[in-house]
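Would you mind keeping the following structure in view while I ask a few things?
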Amino acid sequence: MRTDERKSNQIRPVKLELNYTMHAEGSVLISMGQTKVICTASIEDRVPPFMRGQGKGWITAEYSMLPRATEQRNMRESTKGKVTGRTMEIQRLIGRALRSVIDLGKLGERTLWIDCDVIQADGGTRTASITGAFIALSLALHKLKEDGKLKAWPVKDFLAAVSVGVNSESEVLLDLCYEEDATAEVDMNVVMTGAHQFVEVQGTGEEATFSRQQFNQLLDYAEEGIEQLFLIQKEALGEEISKLILAAEKEGK
Amino acid sequence: MRTDERKSNQIRPVKLELNYTMHAEGSVLISMGQTKVICTASIEDRVPPFMRGQGKGWITAEYSMLPRATEQRNMRESTKGKVTGRTMEIQRLIGRALRSVIDLGKLGERTLWIDCDVIQADGGTRTASITGAFIALSLALHKLKEDGKLKAWPVKDFLAAVSVGVNSESEVLLDLCYEEDATAEVDMNVVMTGAHQFVEVQGTGEEATFSRQQFNQLLDYAEEGIEQLFLIQKEALGEEISKLILAAEKEGK
Amino acid sequence: MRTDERKSNQIRPVKLELNYTMHAEGSVLISMGQTKVICTASIEDRVPPFMRGQGKGWITAEYSMLPRATEQRNMRESTKGKVTGRTMEIQRLIGRALRSVIDLGKLGERTLWIDCDVIQADGGTRTASITGAFIALSLALHKLKEDGKLKAWPVKDFLAAVSVGVNSESEVLLDLCYEEDATAEVDMNVVMTGAHQFVEVQGTGEEATFSRQQFNQLLDYAEEGIEQLFLIQKEALGEEISKLILAAEKEGK
Amino acid sequence: MRTDERKSNQIRPVKLELNYTMHAEGSVLISMGQTKVICTASIEDRVPPFMRGQGKGWITAEYSMLPRATEQRNMRESTKGKVTGRTMEIQRLIGRALRSVIDLGKLGERTLWIDCDVIQADGGTRTASITGAFIALSLALHKLKEDGKLKAWPVKDFLAAVSVGVNSESEVLLDLCYEEDATAEVDMNVVMTGAHQFVEVQGTGEEATFSRQQFNQLLDYAEEGIEQLFLIQKEALGEEISKLILAAEKEGK
Amino acid sequence: MRTDERKSNQIRPVKLELNYTMHAEGSVLISMGQTKVICTASIEDRVPPFMRGQGKGWITAEYSMLPRATEQRNMRESTKGKVTGRTMEIQRLIGRALRSVIDLGKLGERTLWIDCDVIQADGGTRTASITGAFIALSLALHKLKEDGKLKAWPVKDFLAAVSVGVNSESEVLLDLCYEEDATAEVDMNVVMTGAHQFVEVQGTGEEATFSRQQFNQLLDYAEEGIEQLFLIQKEALGEEISKLILAAEKEGK
Amino acid sequence: MRTDERKSNQIRPVKLELNYTMHAEGSVLISMGQTKVICTASIEDRVPPFMRGQGKGWITAEYSMLPRATEQRNMRESTKGKVTGRTMEIQRLIGRALRSVIDLGKLGERTLWIDCDVIQADGGTRTASITGAFIALSLALHKLKEDGKLKAWPVKDFLAAVSVGVNSESEVLLDLCYEEDATAEVDMNVVMTGAHQFVEVQGTGEEATFSRQQFNQLLDYAEEGIEQLFLIQKEALGEEISKLILAAEKEGK
């Protein structure tokens, strides 16, 4: 039995507060258990230099934690004067994942800035960020569409992410909280699309290793969890946006 | 009449959500109109090198905005690799202000880290940060007291801050929202204690100047606004903490 | 009685060595007692990107201390790799103050770089910098005028600054030297124009507070001190430049 | 058929020049096709602060490319003043992978610094770095053992890594060269131990996605390639060191 | 007798592996005894901003050491976040020296990036870098010429460098290895052209001094050593390139 | 004839204002023609980590220019966030030169911080800095001696520096002003001791070269110039300090 009495293949309660902030074109406060992340999508009407003149858009993501989002206070990266390796890894992952379900050609020459700011951390902040960022991004693009600024709908499919792991008793667990994560032997983050395709799989033995059989079970659990997240995303985004995405997904096949 | 129909000497609605985050020893989400700031107080059981061995504590503050707290997205300071002059000014101000009502000798050799993170900005973020930080700090110190780790109560008095300004029609206004602030000719931030003493007055003609008479009216309005903030702080902190503070204030006279 | 036998409302001897350096368009070595600052004004024939195409000029200020300007040697900011918060606060203050008496539209698309380098520090370096920078700026603009490069005279009024404070015996003092400043309970910097308008008032209780009555006396002393600085500025700049400024001031009313 | 006429499940020719540099305790120049990396292992007789007093050792890795290791010259990270996100990701990966086969408790309070410097890049630099770093590390530890400074042999198993991918015709390929890598739809790096356990699996759809079936074939190919790398490592390290590792592996089971 | 049995005026064995890397337009691995440096020359078809529109080219050099090129591992400059003073001095020296024998007007608006990366250090890395960089540069320019992209041959003369020094017994030595260099009282680097002209002489008493007589002997030894380096350069570059350089040298007289 | 009518082997007028600043243990304002440098020596009662426990002292130098010391304003290095290569070269040179005439063992475990700040630049700032820094250092050490804190006098000999060069008409010139320096073909800085020994010789062909014969004449001129600087130093330091230095020099022979 897990500390919060969940089953091994059960995700934590998810809560999505859409349009959480007033200025961003799209925003959401996502809670996965005690992990809380503000995700915003901001639209800029130009692309970075390496993309100019191609008629395509770009998506870039940034990730940060408030200093006291964690049990121990962490020094701010602005005070350190540099972004840590962990942060860079995470924000590169978020951006890459989102770009896999967006048709950049249909964005026009625009940059979508995704900001994921962790307000409270209890494990799984990077996967919650991806799941939330997809919502913020869809809201921002829907706003663009409403304003008549998009020629075609660019979101090709749903996108969500979850963590899975192996604990010290060799049990596979879905959606680890911090306490479970800190003692896990294997830690894996999985990002998938609505069409059950993988976008990213990052599995790490934390000074340990794992067998091919465990690997398969980890993927099974991840698929189960992400399936539930898609249902929650659909309900939150509502029928209109969900239909746009599903139509694009069918068209893409 | 102001854009939001307030009177010139009226503050915006204030909301305080105490214990907003689970990890920090003290925390609050303060809203002043549309301005929202998460203030946390974290306790570390040692002091910076320049304070060691004096048997006294220290309070230090950091301030930041989420990139899309504002109308236009701002680049993160961690990405820039340095903290801007504006941020440094503000966090030095917050720290100084809080230290003026805390008896550092009664803290013991501890550092209190105050973090003010602006989630949404609509003018007056630095004054809201001070008013909120005082709450977070008081909650953290009360927790220390409850845990039997404080010999004496260190909060000597209430502390709150408000902005005042002069608009382009030479009217004095209390608690400016962003739209008013952006066009103001004079901008002043005032920090006061419960005993009606000034802690900090920073008045700036924004490529303009102001007379001594205007100065006096600005101070009158600030006093009025801060008086109301004290009532709200007292109610939020509750009777037990408020009594501790008032007792310390009387003792200090 | 003060350490140097001055009266509480008396400023230190002021000395201005105009055209102190050979390369700068305007320069002065200002001494206020033992505090010595080299102020230079440099003209660049373009403005920063955010100002381009507006037909207006810009003024920006930088402030620094030689490492051994102070009693203890300070590490250079270039060695630290960053400008401290204190320096940023001061250079932002100097720039803002100067811009309040200059008609940027009359500058043309030029940047005036003001450099204030403290050679020797004995309190009041930021106010001496402002008082001196006004001289350097006026000399540089007069040179531009002589060269026929200015259509209209841009200096709208005189500008000077002084520090005031409250010592541990609750006495108000004008123009504090370092020894007085280090032990002051309240420290205030006041910047005013020749027309007796305030440009900036920054009053800080140094882990202490101050009453409204003390505030008023601080302002009275500051006004007295600044009045004397205007006389010294006028004499140093000479009749021709002073008349240009006074004419502009009358016109502005 | 691939550009260099390899079969889809064939690795490139591997060459290992052991003891390539004179100063490092262990070193190798590894070539995988045209990709060439100098790997060195340096021993320092202390551990980082967070490890002190635990009687355990630490392994940390750094990775870099010469500016002209690539087709286009890249700016040095020292000139940029910071390490890029890509470099951080890679050096964190190398360090984590090596630590998974080393018993840190048997190292004593020592740090092993692993440096992987890419002299010439043609795809797969991070996996070649891991495969080579394992050699350099083993040589350095064997030297320590010869010098009587190790109580027990700390290398618990062999370790090697390879890249696999899916090209635009949906074919799975083993050990991609740069030309193949640049156009791949899926890119995966796999690190395994001699006991056929996974240490790290990082699979990324490059603005594309992949199915579970493709995932399985990618893992099959990776296992095949790594199996061959183990044979090459054993031959290069020689009988004595290989026996030490295999004995430790058996003991660990 | 020296540690490696050389005579006092004898240089170490020199080895040049031309075209050492596949991507660079020109490259060489130079060994001077145990000192090994990879020198590459990269061609970029534009010049830095301060050179634009002058119809001339530019040459810039960068120098670095692998962390374990030395007896003790050195922290990477990318990790430190800045280039050290020593590195800057050396790369400025290499760039200046190369520019003295190149007719920048004949390069066209191109930048030649010279990278000198020390693989193994045993004294004299900066002089080996210059001697090797001249080879890499000549090869790159010859390639440009072969491709019909150069109107005239820009290399005006040969260029080589060597170190000389005075040991603690006041003996003058040519081409010091690390052990000799570390204990030398005087250390001098000399750069000369094929026409026996000096380009750079940098002599330093290492907490010691030297007489004019010693100075003369140091220069005599340096000339001898450099004379031998020219023979090695000529043989390595081959008849065709050597003739181009010698013809340009005669023309220049 | 030179622009200021000097003879080719004549130095510019030298002026030394001793004890120029009130806080530093030793200080001087040195003028060489229009070049003006404030040199201060500060004493710290500890040494850097790499020197601890050896019973010896250390001398370190920093060099900077005010932004408008030059004809065109230069950006501050603190604003750039890093020290340039030129500055590093110069401050390393100053420190090395001073250490050659100081017996570090006689300093005790102290650091002498030398700061050379160029107030106005007209060529030869680094050599003026060395000549001035020697004065500031001697004054500071004499103060230490007067305070009874030195067991033995550590200054072993006089030290001065001068620049020499070759102009475009192949004439050798002593002590170049900026205009001469900017167009010189060869630029050489020479540092010597009172005993006519060389400490440092740095000769650079500025995209030009020089013959051995020219080299000899450059050294002759430098010796002449430095000889005059010694006379000026002796007179400025006065009989007591000069005797201490000369006695130490004789003892050292």
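A, B, C, D, E and F are the chain letters, set down in written order, and residue numbers restart from 1 in every chain.
Throughout what follows, contacts are C-beta pairs under 8 Å (C-beta built on N, C-alpha and C of every residue); 3 or more make two chains touch, one makes a residue touch a chain.
The shown structure was predicted, so the numbers you read here are calculated from the model rather than taken from an experiment.
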Original post:
If you walk from chain to touching chain, how few steps can bring you from subunit B to subunit E?
Top reply: 3
Original post:
By the touch rule set out at the top, what is the minimum number of steps from subunit C to subunit F?
Top reply: 1
Subject >> For subunit B paired with subunit D, centre-to-centre distance based on mean C-alpha positions, whole Å >> reply: 52
Subject >> Centroid spacing, where centroids are CA-atom means, of subunit A and subunit B in whole angstrom >> reply: 34
Original post:
CA centre of subunit A versus CA centre of subunit F: separation in Å?
Top reply: 61
Subject >> Shared-contact residues (touching 2 or more other chains) in subunit A >> reply: 81-83
Original post:
Can the chain contact pattern be summarised as a line, a ring, a star, a complete graph, or none of these (other)?
Top reply: ring
**OP:** Head round the ring from subunit E, going the subunit F way, and note every chain as it comes up.
**Re:** E, F, C, B, A, D
**OP:** Could you pull out which subunit A residues touch subunit D in their complex?
**Re:** 82-86, 88-89, 91-92, 96, 99-100, 104, 193, 195-212, 215, 219
Original post:
Which of the residues in subunit D come into contact with subunit E in the complex?
Top reply: 21-24, 27, 34, 38, 40, 42, 44, 62, 64, 66-71, 73, 76-83, 87, 113, 115, 117, 119-122
